[in-house]
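Two complexes, one shared chain (chain A), two partners (chain B, chain C).
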Partner chain A sequence: MEPAAPLPGTQDLLLESARRLRRCEAALCDVFEKGGYGEVIPPAIEGADVFGPEAFRALDRSGRLIALRADFTAQVARIAATRLAGVSPLRLYYRGSVVRRLESGPVYERLQAGCELVGAPGAEADAEILGLAAASLHSLGLKDARISMGSTGYFSALASAAGASPRLAGALNDAVDRKDMPTLRTLCEREVPPGKARDAILMLAEPPRPQTAARELLQRAEALAPTDEAREALQRVSAALAAARDLGAELEVDLGEVRGLGYYSGIVFNLYAAGAPRPVGGGGRYDNLLGRFGDPRPAVGFSLDLDALMPLC
Partner chain B sequence: MLTIALPKGRLQKPVLERFARAGVRPDEEPGVSRKLIIPAGSAARFVILKDGDVPLYVERGAADLGVCGLDQVLESGADLLTPIDFGFGKCRLCLAAPRGSKVEAELGRSLRVASKYPRLTGRWFARRGVPVDLIALSGSVELAAVSGLTDAIVDLVESGRTLEENGLVVIDELLQVSARLVVNRAAYRLKVEDLLPLLEKLG
Partner chain C sequence: MEPAAPLPGTQDLLLESARRLRRCEAALCDVFEKGGYGEVIPPAIEGADVFGPEAFRALDRSGRLIALRADFTAQVARIAATRLAGVSPLRLYYRGSVVRRLESGPVYERLQAGCELVGAPGAEADAEILGLAAASLHSLGLKDARISMGSTGYFSALASAAGASPRLAGALNDAVDRKDMPTLRTLCEREVPPGKARDAILMLAEPPRPQTAARELLQRAEALAPTDEAREALQRVSAALAAARDLGAELEVDLGEVRGLGYYSGIVFNLYAAGAPRPVGGGGRYDNLLGRFGDPRPAVGFSLDLDALMPLC
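Here is the complex of A and B:
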């Protein structure tokens, strides 16, 4: 037999690194428990329809499509919508690994920990989750952390106000996500009729604003908001910003923060920490996900990427 | 301290000019010095790389920002911010084949194609539903079509002279290329106070 190493995208955690992971997890669980959150441990395999296309799937013997856990949030939503239906608000946390498959490239495994606040619709809930995310990073000893907040709901509202086809909306989203102003401008000039929606879309690639300067940006965006839907999405960002005081991490508003899992419907945020070249976590509001499991309730949550965080702790 | 990935080759001179205009100048001339890392005052430094390596250095955070062609950005698949199009280093990524060959008419059957851009080429053909036998080469790609190794090639075309002298013609254009500024996603947020003024001057 050939000498065997773990598959690309996976790893063994031995001794000191295992100890470090458990230390990180313990610090995080302490923050979660103190915040009133209780742990759930969902199974490692699920019916494939719980997850999106990023899940690693296989047929079981009966011909049913099953998947390795690709996303805790979807599992927690399933649990909240079924066995814990009607209990509001619900505060749940989890830790463990997810397995995902990129469009190209290997299947990979990632260690996560995170929280979900179910059945709480308001800005206070958004702020609670932002605060918990900040406290989590603080508990790991990360002093220079930033939270960058935007809204996928705002982007969707603008795309639909502009009458964008799914293809165009995808191209706009990609350009905004890359802060690719030249491409965004070209797309808008060629394919979006002039008007408030176009001007508002062009604003999305603007640089982020610190909490103190975000009001001006949001007021300017509101003046351009082409529909009630867009205005409401911006007001949700403003309200979350106002409710999120003394986070212990810098909160900034970046309307170009549009990336997220498909079910995000409102505010969305990414977490950055000095020393990590990619976001160390993220989250957002997903008010339509539980409805898929028969219990339409609003929810908001976040998760941390422990693989990205461990080298910093 | 900002670390800037500076490409070797034809982009280097115009890139250095743009950074100089923005007030960032290397302490030694990269063409003369053999150093791989060259300080630029106290606030920045340049790392000197092959342009194809720029996207990965920036994605992984070994450099905060850098410059390379859009072809390299997309071929690398790196997850980057691309806020500025410098407009120089212009060329086109093209599908080309020997003059008089029936490649165009035969896009319906499986084609043998050589390229230094397997990812971009594969995706372009996949979107058109054309099966392709992709041969990834590292240089002299034109030779593949001329020698009969493949039916066609995908390569950068600047003036078109190399193609013409070797009896090749452009069949389609995959991508318009120019030099792009690439920025690491986390650096953009965490070093925003240093980066944004520089981006404004560069843009």
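Here is the complex of A and C:
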């Protein structure tokens, strides 16, 4: 007899669950369309190089290495860089599932929906995406949503100014990501020379600040910023914060907010909702991704994790 | 630089094309829901044994052999046989993409939507599915749709009665499928002993008959039917034909209509529309598929090929 259950890491959505997913999708698409975004539907499989190491890859019988869709943003970047290369700014959205593999091996599937704003470099574009993320969560009835914003460039600027080895940078990053202040302090005391960079790294594990109190945090960080690169990263966060008004969701600044995917280059953010054990989405600026497909244009976007959101809707 | 085009065999649906697909899907879902069908959303990957040889399979790093979704019907059968095992009849629909591999190796992706009626054995259930297929094509504005119905059991009953080897049965099947009367005649004259079975096989390449003229074809075939199995297969076609009234699409009988997938056990049909170079869908009865998942129940269903339909909508 054949296996009768879905693979671990995947699920069947039946009847009422399927209806709930479609209701969520419809509410989100309505927000996206009203925001001027148009849908793209990329394929379920891609050339092996489109995605990062999280993708599941395998040879087909013609000897071609293919990858399962692991990330819509990379696919949208490919599309924006080719068939839609002439149009700026470009507002695109998607919905569907991604398949990724854990480092330990097994693959799993996740349902997503999200938006990408391509060809718009500034803080206004960052704020448009933050606003769309907030409106998306609001459309699902999540009135207590929270956006936690940081900068992916800030941490690497600090690690670089502190002369951290890749091993040490990884350990610091892990401690920051877990907000593990004791480990961060120990690592800094043992392995980072005293100075502005060390003080700034220690600040990364401080608790997030709500929008009204974030100015003070950013000013303190700026006073410690050891390099132009670090200062510039902070200024991008400040500018996005200033441009993002009346989001309808709490926007807080967390300088220790680091997103996993490798292509982010400016602000990054995670989305939280009461009752969800993990972030319900996230996003950020990725100004260097389209260049990989031959069309260097800045871009910023976000995606929602519908598996995490559905139980709340 | 990374590859900038989708893989051959896959496509990006952008903006207006995506809108057209979603419009088609919405029209179809409306027909399905009004018919009392509820949606299921199965995962994009499955255990390797769920699908037939058309599936793309690969090992993940944990040593698990997984398959990409190659066929919704097998997934719906798995679901019906497990989490929905107590409910009969069961009316389920789906939409999404399947990934298959050509015999020569490369994989390709197709967009589908379809319905499965589980736990209903008779001609009335066959007719319900034929009617839903007709209503689906009508909802897309295809007023000249045609359903061409045959029987998968009939050909195998004839081949078996004629004592055909698997090689000869395959060659006859190919000739019937291509409606290649000269080849069929040559094969029969050279390799099939004279008799009712040979005469019946030669009839398979006759042109299809419209519903009003099908009775005569079926009576002639029944007079030649060499075994009870062959007669029973024809009677199932006759019964479905009698039960299917006012479909809103032309229903014709083509005894040479053979569907590719291996699980069909009763009537089979293809759907045609003017302007489409290939069938825009098809279906049939598969009374032995759920038993593979431990819940032997009869079932009948159909799927639409949205890639073929979209240019017509």
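Following the convention adopted for this analysis, the second predicted complex is superposed on the first by the 310 of 313 C-alpha atoms of A that agree within 3 Å, B and C clash if a C-alpha of one lies under 4 Å from a C-alpha of the other, contacts with A are read in each partner's own complex, and residues count from 1 in each chain.
What we mean here is this: a residue touches a chain if its C-beta (ideal position, glycine included) is under 8 Å from a C-beta of that chain, and two chains touch if they have at least 3 such contacts.
For clarity, every value in this text was computed on a predicted model and none was experimentally measured.
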item: Touching partner for A:Ala58 - first (chain B), second (chain C), both, neither; value: second
item: Chain B versus chain C as contact partner of A:Ile45, first or second or both or neither; value: second
item: First (chain B), second (chain C), both or neither touched by A:Pro208; value: first
item: First (chain B), second (chain C), both or neither touched by A:Arg146; value: first
item: Chain A residues touched by each partner, larger count belonging to chain B or chain C; value: C
item: Which of chain B and chain C A:Glu252 touches, first, second, both or neither; value: first
item: Touched partner set for A:Asn288, first chain B, second chain C, both or neither; value: neither
item: Touching partner for A:Ser104 - first (chain B), second (chain C), both, neither; value: both
item: Shared chain A surface residues [contacts with chain B and with chain C]; value: 104-105
item: Complex interface listing, chain B residues touching chain A; value: 59-61, 77, 79-85, 119, 183-190, 192, 196, 199
item: Contact set on chain C toward chain A in their complex; value: 1-7, 10-15, 17-19, 21-22, 38-47, 49-50, 56, 58-64, 66, 68, 75, 78-79, 81-84, 97, 99, 101, 104-107, 109, 292-294
item: Residue ranges of chain A touching chain B (in the complex, touch as defined); value: 104-105, 144, 146, 148, 178-183, 205, 207-208, 252, 254, 272-274, 276-279
